[in-house]
Structure formats: C-alpha cells, structure tokens
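Listed below are the structures to be examined.
Next come two complexes built around subunit A: one with subunit B, the other with subunit C.
What follows is the complex of A and B.
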C-alpha cells in the first residue's frame, strides 16, 4: 500500500499535458503474425482475402473472409488457457505478449496499479459461445462449460490481459462497433493522462462461426462477390460492400516521461482523438468530418500538417462518397494522399481501427505509405489521391486514421512522430 | 493499515494539485428506472425504502431443468410503456428498457431535446451481456434447437446484426436525445453500470461533452445466461423460497439471484445545470476502477483492489472516510463476494467502516449484471434526497465474518450527504464511486 497509487481510471484532474506514446506493437492479422510480417506483406500489396475455411460456408451467400490462417494458439498459450478462451481472446493474448516484448517495458516492479488495460470489441467470443449454446440446447445444461460465464462476454480480453500481465489499474472495455478500435486507444490516452504509466490497448475481433456469420450477412453491407480480387472495392465505381476479416493490433502506450526516462525508442504518439455520432436526420451532415477536424485540432495541428489519411473505406457507394466528401472539405480535392490497406485484410471490425493505427505508425517509421489494392475505377468526382497498388515514399510526420461503426459511430485518431 | 488517524486514505495523490477540472463538475439532473417490482423511479424507490423483495420463480422461460430457477423479473409491457411497434419488433428487451428509462430521465431533467447542442451531447451506456437473449433465441431457431452447427439464415430475423453488436443500444439512446457527440457502450461485466457513468463524468470533466445520457441496461434472463451461473454454482438454489433467496451478508446465503432492469441518468456539467435552474440530485464526486489481476471469477479475500478503488475515489472527492455517510455494497450474496467487500471496506475506511451503514439492493432487485450499478446509483441519489437508507433484505443471521452495520430488513431514516457505491465483477473488475449531495467547490 505504500507504493505509488496512480489515479488511473479516475476522472482526470490534471491538465492534458501527458503525451501518450506508443512503444510496442503486436499485430495478428490476415496479412501476418507480428508487426514485421504484416508490414512486409502490406507493402507488397498482398491481398489476404480468400474463401472462408473456418467452417463450410456453402449454405451462405457470403463465402470470403480475411482469415488468419496459420495461428496456433497452443504455441503461445498454456493448454488450460486455450481451453478457457475463444479464438479472439487467444489472438489478443498472443498479440499483447508480442507488443510487450516489442516495447521492452520492464516488468512492473510495483504493485501493478500504475498499469491499465482497455480493449475494444464489436462482439464477444461468439465461436466459443456457439459451441456452448449447441451443448445447452442439444445435450442439456449439465454439458455447458464452466468457462462459458467468462469466455464469451465483451469484457473477457481486458480481464485476461490484466491477469496475464499483473495489471491492477483501471480495466476498460468500449463497444462502438467498428469505431471501437480507435475509441479504445482514445480511452487509453485518457488513462495515461489520469496518471497511468503504461496502458495496453487495442482490439482484436474474430467471429467466424455460423452463428455470427448469419448476423454478418444480415447487416446488408457484405459483398456478394466470390472473387477475392473484386469483392471489397472501397471508392471504386464497382463497389459491392465489404468482406469480414479477423485480427487486429494491440499496442503498448506509455506516458512521455516514462519513455524519456527509459530512453527507449518509440513508434510515435497518439496526438489527437475525437469521436462523434451521426444524427438519423438525413438533413444533417454525417459526423465523420467533424470527428476528423476535432482530432486534428486536439493534436494541436491543422489540416496542412497531416501527411496521409488511413480511410475508413466502408465499401458502399453512399459511405464512400460521404468519406470522400469529408476529406475534400478538410484537405481540398486531391489535397492529401489517402490509403486503405484494409483492402488486403477485409474489415476487421473493432480490430480494424487498431490495426490501422499500428500500420500508420509503421508507415511513419519507414516514411512510406502502404497501398490500397484491387481498386481500379476511382470516380474522378471523389477528388481522392488514393495510393494504389504500390507503396509511395513520402515525408510522413502525422497521419489521420478514420473509422466508422454501424449505427452512426465516427472516430478519428491523429498519430505523429514522437520527438 | 492504509488509513490514518484522521481517516485519510494514505497515498500520494498528486492529481489534487491541479485545478484543471475545477470548473467542470458532473452533476445528475435526471433519473429514470425500469426495475423489478415496478416500472419507473418512484416504484423502484418504493420497493427499496420498504425493503420488499422482487425475486421470484422465473416466468420468462421454462427453467425447470436449471439448478437455480429464481430471478428478479421486470413486469414490463412495452406497449403500455409507449414503445412503437417497430421498437418492440426490432429492439432487444434490454434496449427497450433503456429507451423507457431514458425517456423518464430526460423528462425528469426537464430538458428540451430539440434545444440541446447536439454536438456537445453524448451517450455512455453500460451493459455486460448486451442483446444475448435475442441472440440466443435466433440461434435456437436458426440451428433447429442446436441440432445444426449451420445456423440457417432463412429462419433468423433480418435485423439480427443489431443484436450481434450491442453498440446498437447506445445508438438508440443517441437517437432518443439527438446526440452527435461521443457515443459508446461500456462493457466491463458486472461493473458496467458504474463504469459507464464514470466514463460519462470523464467526458464532462475533460470537456468533450456538456450533457451525457448515461446509465446501463440488462435483460439477461435466458437459458444461456442462467446456465453460466448454474455451472459455476454461483446462483442461489433456494427455489422453494424465492422471495427470500438472495441473502447478502447472511450466514445462510447461498449465491446470487439474477435480475434485469435499467437505470438511465442525465449527467450535466454543473455550470450548465445551474444556469438553467435544473434540479440537481448530486455530483459524481469520485470514481475509480481497478483490476484484481487474480482470476476471471475468483476474488482474493483481502479485498485489496476494491480498497484501492475506494481510496482513489475518496482522494479524488477530497473526502475522509469519516465523511462517508452510507455505503451501497455490491452485496451479491455469494460467500466469497460478501467476505471480499467487507474486507475491502475495512481496508480502505479503517475503523470508520464499522460506523458507516452498509446495505445491498440485490437482496431486493437481484443482480442485473451490467445494469445493477446504475440502479444502485439511482438508489443512492434518492437516499441522499430522501434521507432514507434502504435496508439489506433477508438478513436475519449475520455471518460472523461480515461484521459491519448492514442495515438489516428495515430502512433507516438518516441524513445522507454522501454515498459510496461499489461494484465487483467477472474479469476481476472493481469499481468505486462517490456521490455527494451538494457540489463542493
């Protein structure tokens, strides 16, 4: 009790001068296991969208997915933990381990109260959940796993990370559909500003089981195409919806004092964040532009300071044109390079926003914009400078990452170099 | 012991040095409730103040094959509550609760939705299990009672995705109040209902919003949720005496009793509330959450992390243990929980813990998972307002290990200027919130 007690998870009462610095990245995505594998594949422009193999999709009209094909949870987790967890938790724990290792953060020598964790989730551990539902309804209540109570609910990843890494500060979980991956990182910054010294944040979603697939199909925005090269074509005139993927990224964020004291290298800083919501009144402008402008302002920057945009790239004509219009208003027509590397992975739900933040940090590190793939017919009226097929070298100091969630969620993060 | 002679929780709280948020205090100006025993805040308070219990045998589904067949159910008629046919058809029961409670809260706050600055209006809704009840129902139909791994989309509802992603419930509340600011579901299991309101207070303190529609909702009474607690033997087996089944701090307690419900609050920047002459129930004076990093469902008996959360909330509120007039316990009625939090109260409040009345609402309204934290906040706000401390029902034989003043059976009239409410949940989450009747400058 004598150790320093951080005010993490408390209502912030300090001026927001604490900077949230990313020191570790753990990526688990269709493009690769680990940040470097993902980054190399992304720069090569390799599309990882393929026919779905986790279950037989022949009875469904949506048959493509961005799957993580080679992940073996038992290579990273104890048998006991594998039994107790859904695939999305197994991926989250592996990616968190990698992010910690990458950060070089020493083990907490205190009591764990100065470290916090916040994850985003779109859905819970539904594959685990479907197995237990099947036992309950087909075999009876006595056959249901004792782990069901905590394996499928939305808070599971935060709880498991806290246990695995001795984190005793605040634990948080945000659910805002596909904007959740950015909102989790925004909340992580709040925790650092409230006194936490290290925060684990990010999102990894996976719900590739029939129970979830029926819900995905019902959302009405999945691609009906079966050719991976033409299924998910955001901003293209031939746009046809999106493809569901799994995976995402986990980050280690530390306050700037800790980073300077440790003299460690950092990927960059979460400099700006904002979230807005769309009115259902069609006469009102959607909130994406405002989220982006608020985030840029929050970073203390102006539109001219942003070097690249990682677009939400929803993959419907209405949403794409709204995003293009928002970007044209902020940056001018063809005013900024825009990219959507998620064309290689499909949409990873909450995981997508976190992965885009991680990819943007790698882009800043290597001063190169990763490409958008498969898009051929870009309408001139969008006024987009879309980075297509080949990476583009550029001086990158600040990147804007956008994400939208079904129902009206908009979130924006500005990542910058940390100096 | 971390508590000094003056009752001050001993920790170096550098954040007190700052005055950044001194002008941004979060106050509650509107409340709405859907609770077992009656719809509306008045009915909810009537139940609490009279120490009545609303736990009964489950009627929402055939529970004969379950170990625990008891729950605190809401007698909720969506038609009578004014929901539209579309809302009734499309929304999960939990979302319907939230809409009804939300409307009551907005009306209670006396705000004109059309006159709000929508960009500065936010939503933070808590829920532990989201729309599970609807998801399970659709699973059962689509899988032909679990016979098929392939769930057949020809038999499931067209708006299934809204149930799949529980963020849809926050979207409904956002639409109700016309919010275009930050909108989120906070889902930290059984502490969701405290954490969502804590997050709302955070949005106001940091200046991201001036008004937040917050609170929590849960309608978890379904076979899959019931079996979750059955298989780990966490729920009560007192099926032949459902009215007296949840017995927090009693020697004979044998587990929690599930419940359902919703409480929605209008949280406002104090300056805004004062400027419009709103009735202020009280302020969120302190909020903190901790993880126990111990076990997904188990609790370490020393209550250390909950004590840390309480200590941090006290420091934030600049309050001593002696200034806490009432503790609203998590009081789930499981063996380990009631011991755990008794230890946490002693650890964080020292000798003063013995002098502060403690009571648990779950004895009356069951454990509505993510929603209960917000329902408990409502109960605390009314305790502040009415000067009445609701009792712990069903507490006849005190457990020697739980030796505090748990206000057994009968409510107590007493001036309450501040209340501490705590929550504890699967995942190791421990949350504490301090509510204060008058805003301290």
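What follows is the complex of A and C.
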C-alpha cells in the first residue's frame, strides 16, 4: 500500500530539482514600455514620479504618482477586450504578449495543459469598478456593465492571460498586498516543480482613480510632499512615506529541461524563494530577515554568494530601519550593495516585486547595479551601502529581492545566473 | 409597439464588439450562432441590458440560454414588447 502511494506520487511529480528559468520579460512601468526602455531609463536614473494627471487630484492631499503616461490599450488589444477590461488587465495582457515574444516559446501547440498562470494583485480592477459604480448611482442598475462581473476581480488577469494564450493548466492569483509580486513568482516555481513546462507569472497593478486614491490616502503611509524629488525617500533621514505608481512586469518561466531542449537564451533562474509573516507582538523582530535568510538557503547559497540586494524600501522610518537592520545582520554593516530603483517609479504594489525581479535579471545580464535616486541624507547608523544616483558595475551572479506587504507579509526571492 | 429590426440589432452588436465586428449585414446573419460570431453569454446579457435601456423592453436574464441566434434574439424581444 505504502509502495503504491509512493509510486503514484513519483509518477505525478517532477522531482523538486526542477529549476525555474526566466526566458521572457515584459515590463510596463512608469520608466518605460518594454524591458529595454525601462532598463535604459533606470540606468540613466530618470525619476518618473510626477504630478498626477489621470484625474484632478486637487481635492486630495496626495498629488504625485508614478504614471504610465503613454500606454494606449487599443494599440495592443481588440476593441472588445478594451471594453471588457480594467487598465491593469490591459497593461498585463500587453506585457504578457511582450514576455512571450521575448521568450521565443512556441505559441499554444495544443498542449495547453502543461502551461499555467499565476499572477499577483492587490486591488483588482478598481478603476473599472468605480466607473460602474458611477453608472449605478447616476443612471441606475440597468446601466452597469455585465463585464463588471469579472473586470474588477483579483484573478481576472490570470483568466484573461489563459484565454488569450490557450493555457489550460492551473490558474491562480496571489493576493498578499505588496509582497504579491514575489509570492506569485514563488508559486510559479512550485508549479514548474509540480510538472508544468511553462508558467506565466508576475504582477501589474494600477489603481490611479479617485475611489482607489481615498483608500491609498487612508493607509497612512503616503508621502505628503508635492515635489517629485523629495516625496519618496526611502532610507533617507528626511523620509516621508511613499508615492503610488502603476505597472509592473510579467515573466515567462520554463523548467530547465525545456530551456535546454529549446536551446534558448535565459535571463536567469528563480533559485530561492521564501515568505514569512510578522508577529502580532511588536516586541518581536519582523519576519523580513528570516524571509531573506530562508530564500538564500532555499537557493543553496549563503550570504557571501549574494552580490546585490533590491530592497523593499518602504519609505517609513520604522520600516526602513527594520530593513537596514535585517540586511546588516545577514550581510554585515556595509556588507553588500543595496539598491531601490523603485525610487524612480513609486511603489507599484504587487507590480513592484515583479518589476524588481525583472530589473534584477537585467542587472545580472548586463553586470551593472541600477541606482537609487533622490536619497541624500543616509543615516550612518543604517550601515547601508546604498547604490545612489549612478549605476555601479559589479560582478553579479546572484541578487536578493525583498518585498513587504501591509499587514505583515514578507517575501524574498533569489535570482541567479542560469548556466 | 413597433418591432425591433435586424438593423437595430446590428448596431447594438457592433457597439458590443467594437472594431472586431465582422458579421454579415444581410438576412443571412439571422440564423448564425452568436457563439460563432464571438458573442458569449455575458455579451448577450450586455445586449439585453442595452435593449432595456434604449427601448424599455425587458427580457429575463434566464432566457439568455435559449437565445442562440439573432433571429431568436429578435423574437424574444418582440414577444416581450407585445408584438
């Protein structure tokens, strides 16, 4: 009996030695449309935080955002899809198309069951929902679009990607606030280890509408400043909260066998992943350090093997000092280069973690650490080697990416070269 | 009340499908299946809601399953309108 079960298990599961290799990247962010545009702007240190234009913010005290200003959904999607979807879905579908094209993976060959999707999301289709609520109140229930039934939903991007690319394997969404962009990729790695041959993963969020803005302001961690150069200053003594942005990144991940068989170029590997949750007891150390250590260990590495950290960079004194302390404990004071390119985009919620993973892979490809911008007054007591203003050339084999979500989520991913 | 015409239905269908609308315009459209034309059950619900808003004719959502072609769509609408 035991043997039967064991045999059944061994048939159903690919050994956990399966490696999750990133073969395609699609970026849609305030810094650019497409991975190369984003990467070039990031290396130039161009801050894309600007006055909010999507709606009139004069009645709100938070007036800056990292907007994607040039995205026209109808250039990428049919009129039917544009009608049926929120902006965050439109951006997700465009970025996923780019990631697929970049990966060179053959389109759906009828074996859709071996392909899966797992996305992260924090708000769902908020702007679509607001529009339909406006119709409900101003015109009546008969005017509410039937597409509201799915357009608002957290899992809608996963569903739309599946439909568009003929993917019939498992579909999932991870909702863990701003840690979700890493958790989705961690889950994608599990799916590959469970036998999937290709997984679409990542996150793109957008909630730049008045209804969402009320919620953003209420969270208590938004910057009150109106100068883009001083609004979001993580780790700075003049820290003042964060700026909200939109966008993120979508990745194509394949198991290492598929990659070798296809003889395709790969950006790197999702080598380690871990997530922890903070204790309710504020006297206990937050879970970020343990998440980072577990992810490094999960990658089969030690702290000395990590070459750069992409920080969560929350932008509050408490959270920044906790992150600096965690990094000093793991790597030693000034023991590792740390960067926060999200100072150029604002925080993209679930999209932020995925964008950092994509940016870390580009950093490994080009052997250069992208800079943190705007931060001037770095407290000595943090012990941070923060890469500021200019990119820094370095031998990069492995990068640690950190993300924290409101409510106690901590997640960490280690990306490495794939050889 | 006067009958909803095929031409009026085509206008509604086109609004629902945007630039993807490629169905024929003549009477051959009457017996083509909505699913073959790219309209799923939600799209049909949306079109029924459209008819209700524009013409004040209400067909129960429960009837959607029975509406497979534009001909049946028009029959249901016009029956509900008392024609």
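Definition applied: the second predicted complex is superposed on the first by the 403 of 419 C-alpha atoms of A that agree within 3 Å, B and C clash if a C-alpha of one lies under 4 Å from a C-alpha of the other, contacts with A are read in each partner's own complex, and residues count from 1 in each chain.
Keep in mind that, in the parts below, a contact is a pair of C-beta atoms (placed from the backbone, for glycine too) under 8 Å apart; a residue touches a chain by one contact, two chains touch by 3 or more.
A quick note: this is a predicted structure, and the numbers were derived from the prediction, not measured.
Colleague: Going by the touch definition up top, name the partner, subunit B or subunit C, that contacts more of subunit A.
Modeller: B
Colleague: Quick check for you: in the superposed arrangement, does A:80 touch first (subunit B), second (subunit C), both or neither?
Modeller: The second partner, subunit C, only.
Colleague: In the overlaid three-chain picture, which partner chain does A:408 touch, first (subunit B) or second (subunit C), both, or neither?
Modeller: In the superposition, A:408 touches subunit B alone.
Colleague: Given the touch rule stated above, what does A:71 touch, subunit B (first), subunit C (second), both, or neither?
Modeller: neither
Colleague: Examine A:146 and indicate which partner it touches, taking first as subunit B and second as subunit C; both and neither are also allowed.
Modeller: A:146 sits against subunit B and subunit C alike.
Colleague: Answer with first, second, both or neither: which of subunit B and subunit C does A:213 touch in the superposed model?
Modeller: A:213: touches subunit B, not subunit C.
Colleague: Show which residues of subunit A both subunit B and subunit C reach, each in its own complex.
Modeller: In subunit A, positions 142, 145-146, 149 sit in both the subunit B and subunit C interfaces.
Colleague: Can you name the residues of subunit C that touch subunit A in the complex?
Modeller: 16-20, 38, 42-43, 45-46, 49, 52-53
Colleague: In the complex of these two chains, what residues of subunit B are touching subunit A?
Modeller: Counting only subunit B, the residues touching subunit A are 2, 10-16, 18, 20-21, 26, 65-67, 118-119, 123, 128-130, 135-136, 138-140, 142-143, 145-147, 149-153, 156-168, 170-171, 174-175, 178-189, 192, 195, 198-199, 201-202, 205-206, 208, 223-224, 227-232, 234, 284, 286-297, 305, 308, 311-313, 315-316, 425-429.
Colleague: So in the complex, the part of subunit A that touches subunit C is made up of which residues?
Modeller: Those in contact with subunit C are residues 78-80, 82-83, 142-143, 145-147, 149.
Colleague: Looking at the complex, which residues from subunit A come into contact with subunit B?
Modeller: Subunit A residues touching subunit B: 1, 4-5, 7, 9-16, 55-56, 59-60, 84, 112-113, 117, 121-124, 126, 129-130, 132-142, 144-146, 148-150, 153-156, 158-160, 162-163, 165-177, 180, 183, 187, 190, 194-195, 207, 210-220, 274-280, 284, 287, 290, 405-409.
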